[in-house]
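Inspection log for the structure reproduced underneath, given as structure tokens.
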Amino acid sequence: MDDKETGRVEAFSDGVFAVAITLLVLNIRGLPDPQKVLSDSDLLKNILLPQLPTFLAFITSFATIGVMWMNHHRLFTHIKRVDTNLFVLNLLLLLVIVFIPFPTALLASYIIHPENHYAALLYSATNIMLAVSFYLLWSYASHDNRLLDEKSDKKSVDAITNQYRYGPLFYVITFILSIIYVPASVGAALILAVFFALPGRRAD
Amino acid sequence: MDDKETGRVEAFSDGVFAVAITLLVLNIRGLPDPQKVLSDSDLLKNILLPQLPTFLAFITSFATIGVMWMNHHRLFTHIKRVDTNLFVLNLLLLLVIVFIPFPTALLASYIIHPENHYAALLYSATNIMLAVSFYLLWSYASHDNRLLDEKSDKKSVDAITNQYRYGPLFYVITFILSIIYVPASVGAALILAVFFALPGRRAD
Amino acid sequence: MDDKETGRVEAFSDGVFAVAITLLVLNIRGLPDPQKVLSDSDLLKNILLPQLPTFLAFITSFATIGVMWMNHHRLFTHIKRVDTNLFVLNLLLLLVIVFIPFPTALLASYIIHPENHYAALLYSATNIMLAVSFYLLWSYASHDNRLLDEKSDKKSVDAITNQYRYGPLFYVITFILSIIYVPASVGAALILAVFFALPGRRAD
Amino acid sequence: MDDKETGRVEAFSDGVFAVAITLLVLNIRGLPDPQKVLSDSDLLKNILLPQLPTFLAFITSFATIGVMWMNHHRLFTHIKRVDTNLFVLNLLLLLVIVFIPFPTALLASYIIHPENHYAALLYSATNIMLAVSFYLLWSYASHDNRLLDEKSDKKSVDAITNQYRYGPLFYVITFILSIIYVPASVGAALILAVFFALPGRRAD
């Protein structure tokens, strides 16, 4: 019963992640009017090159949502029971996931204009919300092993707890960096993405 | 066999819920033209602030569909058999779920103009249809335990029955409120959403 | 092994059905510009009433894809093995499913102009393709019980075979009707949809 | 445990494939304004015929993504364990899958203007990336049977290895052909798609 319940939460979440990651391609627009054929150089100059920031945003959002799926997956290898609170916290996390493409696309448009800060601020704020949602979901599930598999390896669980505890703080730092110097904030966000992609180091 | 059948109905429904909840992000448009870079204050004034009703509608629709998924999930912890009628009633419910973003976005545009009633009327009417679909699905499945798990806890089943019986009536009241005073109707809808998010009280 | 294989074909198909049925809502556009608030009567006259054909197309496409999902589901309660040919025939069927919203929306725009025949012709042609795809999938799988569950009830299998054998022919008749008199063709298509929604009569 | 892990990777991938293949229909636009009804001949001339390249791109992308799903499915009948590297390689593959509709639609617009090479170049480049992603995924999983089912038939595994080893090379040839003569490159790509649709020949 519990297993089936958890399975359905995972299936629903997998669906949301899969749709969100695939919808990203809709942001790549600008296909030329099929009636008007452009020469090779016009196609490059008017269609393909102006899309570069869009391609960049596409790949970044794809990588972000992909890494978040890996994290979600990792948490649910330990979570074996669900309750109404977990549903709500999981929905909160998915809300942020679904929202990611918007600030990412905005940032991609502004990446070459680092004198403008608001796009980077919104991007960092979204990352903070993401880190907070993950932290809430995991703290709730792992507190006193509330919803975890009883056979879970305690060291793996602690490794995740350690990794997530400081996530929000790190992203607050990138938020402050976006006020001071945008490129540093973007660089820090990329480093954090790689850090969360790797499994937490087991403290042994 | 029965279990696999029910599983496929759940998987299809989960897919529809997951896509519907993720498509909501498509309503957040208004990304600035990547060719034209705006200053921070213009970005705020022309792009981000005018989107506030859209963000509001995004979060409300997300919460509504998320709560409805939780309800659907709760019903299917008891439903263990399926037949053609249940397929049709489930499709009717999904039809309303998929439609939700439209009246929600309309309402969000009109929320600051409570002298206009039609957006709130359409929103309340959609909620009535949703409550009626849930009521029909559950009555059909639970009547004489037609499609329920024989081991289902009778008190949990009755708690759901009690909670759903008056759903349509409550939403008819919000519909009438939309004719009289729009903000009261919206407030009542939010209270009802929280009420349906909570598991029904077991009558013991 | 076989079971898992079949399961993945079903999961992929369920995904396509779920996305296709949910994407239908994207055809409901015409949300008013959030900056310009319309009076109740303008909202009705300029936004809601002109959408009526769109709502009609939304509900018709939703019902069509829903019924086709029920049919697909019914076939796969008997199909227990898969091979490369079945993959290809299933993809062909899904191709038609995914295409359905286009001719349906076109037909909805033209339903009040029965002197124009092309929209109804395209709609009927799509229905023929759908009936042919179902016929091919089922004939391939059921020929000499090639991919069916060995424990399948022979009478249920024969009932499906009988129901599907004449499907393409019936839709050819609606195609011819679209040349002669459009409303008759649309009516016939609706009757056929109900006919395919019902399980085939067992010949006993 | 391992099985469940692999199952969730498959479910997520199936979701992405299903959404990507269904989103293709969004590229078919050009529905006439519901307010303006066209005569049959105008509908044909202004709406349906100009869509022919779009229909062609729709069917080609659908077939490509469908064949790639079949390939992915075939690999995962052998892959029975997952690790972080496999997640990343699988995400890379899905990134290319999700991107496919863009170059395909571009190519479809340019197919009747073979003097323009860039659309065909982008299409061939995407195919190279696809072949490389499949090659990387499979080499990583099958090297020393790292993640394969221990009971996998060695001959089937070797057949896949042989088929994938030369994939990238073949697509480099179509890339060079796109520089010389576009139609030859498109024809070669179609032949390769059929080649990858068929199961690899077992070397016995």
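Read from first to last, the chains carry the letters A, B, C and D; within each, the first residue is number 1.
The rule is short, and it goes like this: a residue touches a chain if its C-beta (ideal position, glycine included) is under 8 Å from a C-beta of that chain, and two chains touch if they have at least 3 such contacts.
In this text, all values refer to a predicted model and were calculated from it rather than measured experimentally.
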Counting shared numbers against all numbers at the contact of subunit A and subunit B, is it over half, same, or under half, different? different
On a CA-centroid basis, which chain has its centre farthest from subunit A's? C
Quote the value, from 0 to 180 degrees and to the nearest 5, of the angle by which the CA atoms of subunit A must be rotated to coincide with those of subunit D. 90
In whole angstrom, how far does the Cα centroid of subunit B sit from the Cα centroid of subunit C? 25
Could you grab the centroid distance between subunit A and subunit C? Build each centroid from C-alpha atoms only and quote it in angstrom. 36
Mark out which residues of subunit C touch at least two other chains, giving numbers and ranges. 11, 14-15, 18-19, 23, 26
Subunit D partner contacts - residues on subunit A that touch it in the complex: 10-11, 14-15, 17-19, 21-26, 28, 31-32, 34-35, 37-40, 43-44, 48, 58-59, 62-63, 66, 69-70, 73, 77, 197-199
Please output the residues of subunit A touching subunit B within their complex, sorted ascending. 1, 5, 8, 11-12, 14-16, 18-20, 23, 26-27, 50, 53-54, 84, 87-88, 91, 94-95, 98-99, 101-102, 105-106, 108-110, 113, 116-119, 122
